[in-house]
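Look for subunit A in each of the two complexes below; its partner is subunit B in the first and subunit C in the second.
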Partner chain A sequence: MANENVSVWTSIPFWRRSAAWVTGFATILLIWLTFDTLGQISMGTDADLKNGVKKRVPAPTVINYHIDYKMDAKRGHEVPVIGEKQLFFGKEWSEKEAAELLHLGKLTSQAKNCMNCHTLLGNGAYYAPDLTKAWLDPAWQKGGPLQAMTGKNTVEEAMAEFLQHPSQYPTHARMMPDLGITAEEAKGLVAFLKHMSSIDTNGFPRNFSKTVEQFKTGGTNAH
Partner chain B sequence: MFEPFTDVVPSFFGWLNQGPLTLTLFLHTIIILPMIWIYFDEKKKLNKK
Partner chain C sequence: MLTSIKTNSFAGNKGKELGMMYFRVAIVLFGAQLLMGLIAAIQFLAPGFLFELFDFSVARMVHINALVVWMLYAMIGSVYFMLSDETGHEGVGLGLGKLAFWVLTAAITVVVLVYIFIQVGSGSEATIWFINEGREYIEAPRWADIGIVVVILVFYWNVFATYMKGQKTGIMTVMVANLLALAGLYLAGMFFTDNISMDQFWWWWVIHLWVEATWEVFVGTLAAYALIKIIGAKREIVEMWLWIEVLMLFGSGILGLGHHYFWIGTPEYWWEIGALFSALEPVPLVAMFVHVLYDWGKEQGIAKGKGETGSVITNAPAMAWIVTNAFGNFLGAGIWGFFHTLPQVNIYTHGSQFTAAHGHLAFFGAYATILIGMMYMGIQYAYGAKRLPSTFKSKMAIFLITFGVVGMTVALTIAGYEQVLVERAELGAGWNAFFTAQELPWFVQAMVWRAIMGVVTLAGFVYLVWDLLTIGKVAKAAQTA
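Take a look at the complex of A and B:
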């Protein structure tokens, strides 16, 4: 005779089947997500840039373009806007040159362990400012205090000068140590930073504009 | 309730995560509904014993 009052909640097969279902489904979802991510993070080409095809990660030749950061009302955060052509260290870089420079910058960022203090694309520390959008920081633009302190006229030259002699420039309460970065490595690092700023990070780091206002009023990120 | 797709690169997951509600609806459909089915299936089995 069937017992209508039997409890399913104390039945082990019920929990086993539920757990198997959730675990199995989550596994498939995560594998799918992994492959989906590969498409999201694959780098665009020079042709994409020329044809205005938007990729989350643009080609290395993006260093030849002006990069802006504009609020996108629809998406609810700022997005990088790749604009007109702009010389980088006084020249236009070919695909090969740009790729090599960016590679040098990446290797240097790893060799000098930037992430030990800074954050790059969400990885690293918050001992020093987040560098994900450092290229777009108004403090480095014309008239900004960081560019002014180096006595240079462009963002890239100012950043490169600072990177070679960081301990000479008073920036934050926690000053950056001299890491023995050469002129060529500094160029690579600046290219690396410029390229990084052009990556669509879905608005990361959040509240960048708030930081901009902070910089405009003479404040800093490090306290 | 459903917001227009605004992501850079079209993706199923981009659509899924446009807001908390789309994700909630999806996870409930995919996890809770089968669990309800498992529940009644187990209940039927237990009643047969």
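Take a look at the complex of A and C:
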């Protein structure tokens, strides 16, 4: 074979250089976008919440507020809406307490391997319901079957009770196993779930509030 | 200096023997993956099966971890296997490489035993360090993470030092650069944060930039090497293709990462970036498919022109698996990935059985196939067979495994469609919507078929192991006869 190529299209050095340039360019663009994204998804502060500054991922003290998920006409999908103050497990949590509780909850979510049955932010296994907006699920609200089943009066207490004794509450043939979750860990997990429901997920899961309406009007699929 | 670079024969033994050790563990873990998958598939149909004894979460965790680890083992094995052929050097520090193999295998045994018998821990740092990290695919506890890094450093040193001392082929240049990226990315998954969005942002750096970038380039490299060895393809041609593949795979795959950043708290601009670049991801997979078939046809044509009769393929089962790889990669990773990569579709499909369908066909088509092909090359080398013809068992293995995985994929795709339409579009993704969709006959039937096809895959695996254990002797006997 001749050493000189007749065409650039069959030249190995040409393709090698092109591969290096394209890879380098894509990598630099990714790193640049990563810096921008990291800034946007870093957790907000308690002051942001008090001043009504919207953050994609709010501070842990978001557990002290009422959270809703509403259609935003401009963005064309539902977004979390942080409302009035609301007690969480009967108290208002300080910045430090809330951060510690969220830390315990996130650790527990990993230690108990939640992600290998459920999805979190849509990622994980598909054996059990998505937990992204579980805090807002009508089934856990007042009058909802899951809250009623536990005999508790608030969403957080009902969820915490269920998490500690899941197989005592046969919600479905596909039950959640008892994972030895303690009372403290359960509180942490609920804080983690409430915090996750306040994250701006660009409208995922879509149609979430549709179930809410159906449920409230006793729709055909409300058991 | 070994002469293997200019020929399509094997040269050097030490690296190949080490490679074979990795292959043996890989095939055992492949079996474990299938068994765990079967348990999980049964639990979808009979939720009481092994409840609170060996729950779905445990079976699923071992299922996907065995998958990742057997593939990494087979990948490391393949690199050790081709090292001396591509560099013309026996290999540097392979004694230490052998020690690293035993350390890694012992560590993985401990990790799996802890997964199976301890399963979960308390909500504390100790669990993350010693039991499991609870992050899909990279659940390995932190101590094992650090151990893996040390072993990979030894492996990388083996490869890099050999490369520096030996000849620098295009294939090996891509391999050395790509392995550095592949190994380095693992570090992105080794920290804890309370921020779930931040957690998943970096988690995807590992998962996506492995399976949709560096692993794909790895496959391109293996295919290039294998085509030279199996059909005597010209190095100039395969290396030119390889650089084009690197260009297209990294050009689309690196920013294609954006398609995992649609819904995890990350900003909206990822919709456009993720959609555009991930939509381009199938393009190199088409190119790879064309390339394999083109080279095969060309070499066969040249042989025919010389008046030679018979096939140019010296290792029929390996070639069969590599052709399956070329098509399976395009179908599983390319088509099944493209199905749900646009945000307008993905908002409904994200986190449904659709993802599972894509995952099954993509991991099989893109990776399992070519790694099995490499194992057959290992057999050919180990028995010193000049030609390795397919046996009945090889054919049964490839047919049953491929049929089984495609069957599972179709079943899961149907389940995914049902879930997307009923749970997501019609009812709206809540607890109630989820279980309503899971109970409908269309979903249940799909899950029955998935389990049946899982059994078919397992039967194919039995043939595969049986074949790998016997085909070498058959070929050798035929050669000496």
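The rule is short, and it goes like this: the second predicted complex is superposed on the first by the 181 of 223 C-alpha atoms of A that agree within 3 Å, B and C clash if a C-alpha of one lies under 4 Å from a C-alpha of the other, contacts with A are read in each partner's own complex, and residues count from 1 in each chain.
Just so we're on the same page, a contact is a pair of C-beta atoms (placed from the backbone, for glycine too) under 8 Å apart; a residue touches a chain by one contact, two chains touch by 3 or more.
Source: prediction; values computed, not measured.
Of the two partner chains, both subunit B and subunit C are touched by A:56. In the superposition on chain A, contact is made by A:139 with subunit C only, not with subunit B.
Contacts of A:22 after superposition: both subunit B and subunit C are touched. In the overlay built on the shared chain, the residue A:196 is in contact with subunit C alone; subunit B does not reach it. In the superposition on chain A, A:40 contacts both subunit B and subunit C. In the superposed model, A:6 lies in contact with subunit B only, and not with subunit C. Judged by the touch definition given at the top, the superposed model places A:120 against subunit C, while subunit B stays out of reach. In the superposed three-chain model, the partner touching more residues of subunit A is C, compared with the other of subunit B and subunit C. Counting contacts by the rule stated earlier, residues 11, 18, 22, 33, 36, 40, 56, 200 of subunit A appear in both its interface with subunit B and its interface with subunit C. On the side of subunit A, the complex with subunit B involves touching residues 2-4, 6, 8, 11, 13-14, 17-18, 21-22, 25, 33, 36, 39-40, 54-56, 72, 74-75, 79, 200. On subunit A, the positions that touch subunit C within their shared complex are 1, 10-12, 15-16, 18-19, 22-23, 26-27, 29-30, 33, 36-38, 40-43, 56-57, 60, 99, 102-117, 119-130, 133-134, 137-140, 146, 167, 172-175, 177-182, 185, 188-189, 192, 195-196, 199-212, 214-215, 221-223. Listing the residues of subunit B that touch subunit A in their complex gives 4, 6, 8-9, 11-13, 30-31, 34-35, 38-39, 42-43, 45-48. Taken together, the subunit C residues at the contact with subunit A in this complex read 40, 43-44, 47-48, 51-52, 55-58, 60-61, 119-125, 127-128, 131-136, 139, 170, 192-201, 203, 236, 239-240, 243-244, 246-247, 250-251, 254-255, 257-258, 261-271, 273, 347-348, 350-353, 355-356, 424-425, 427-436, 438.
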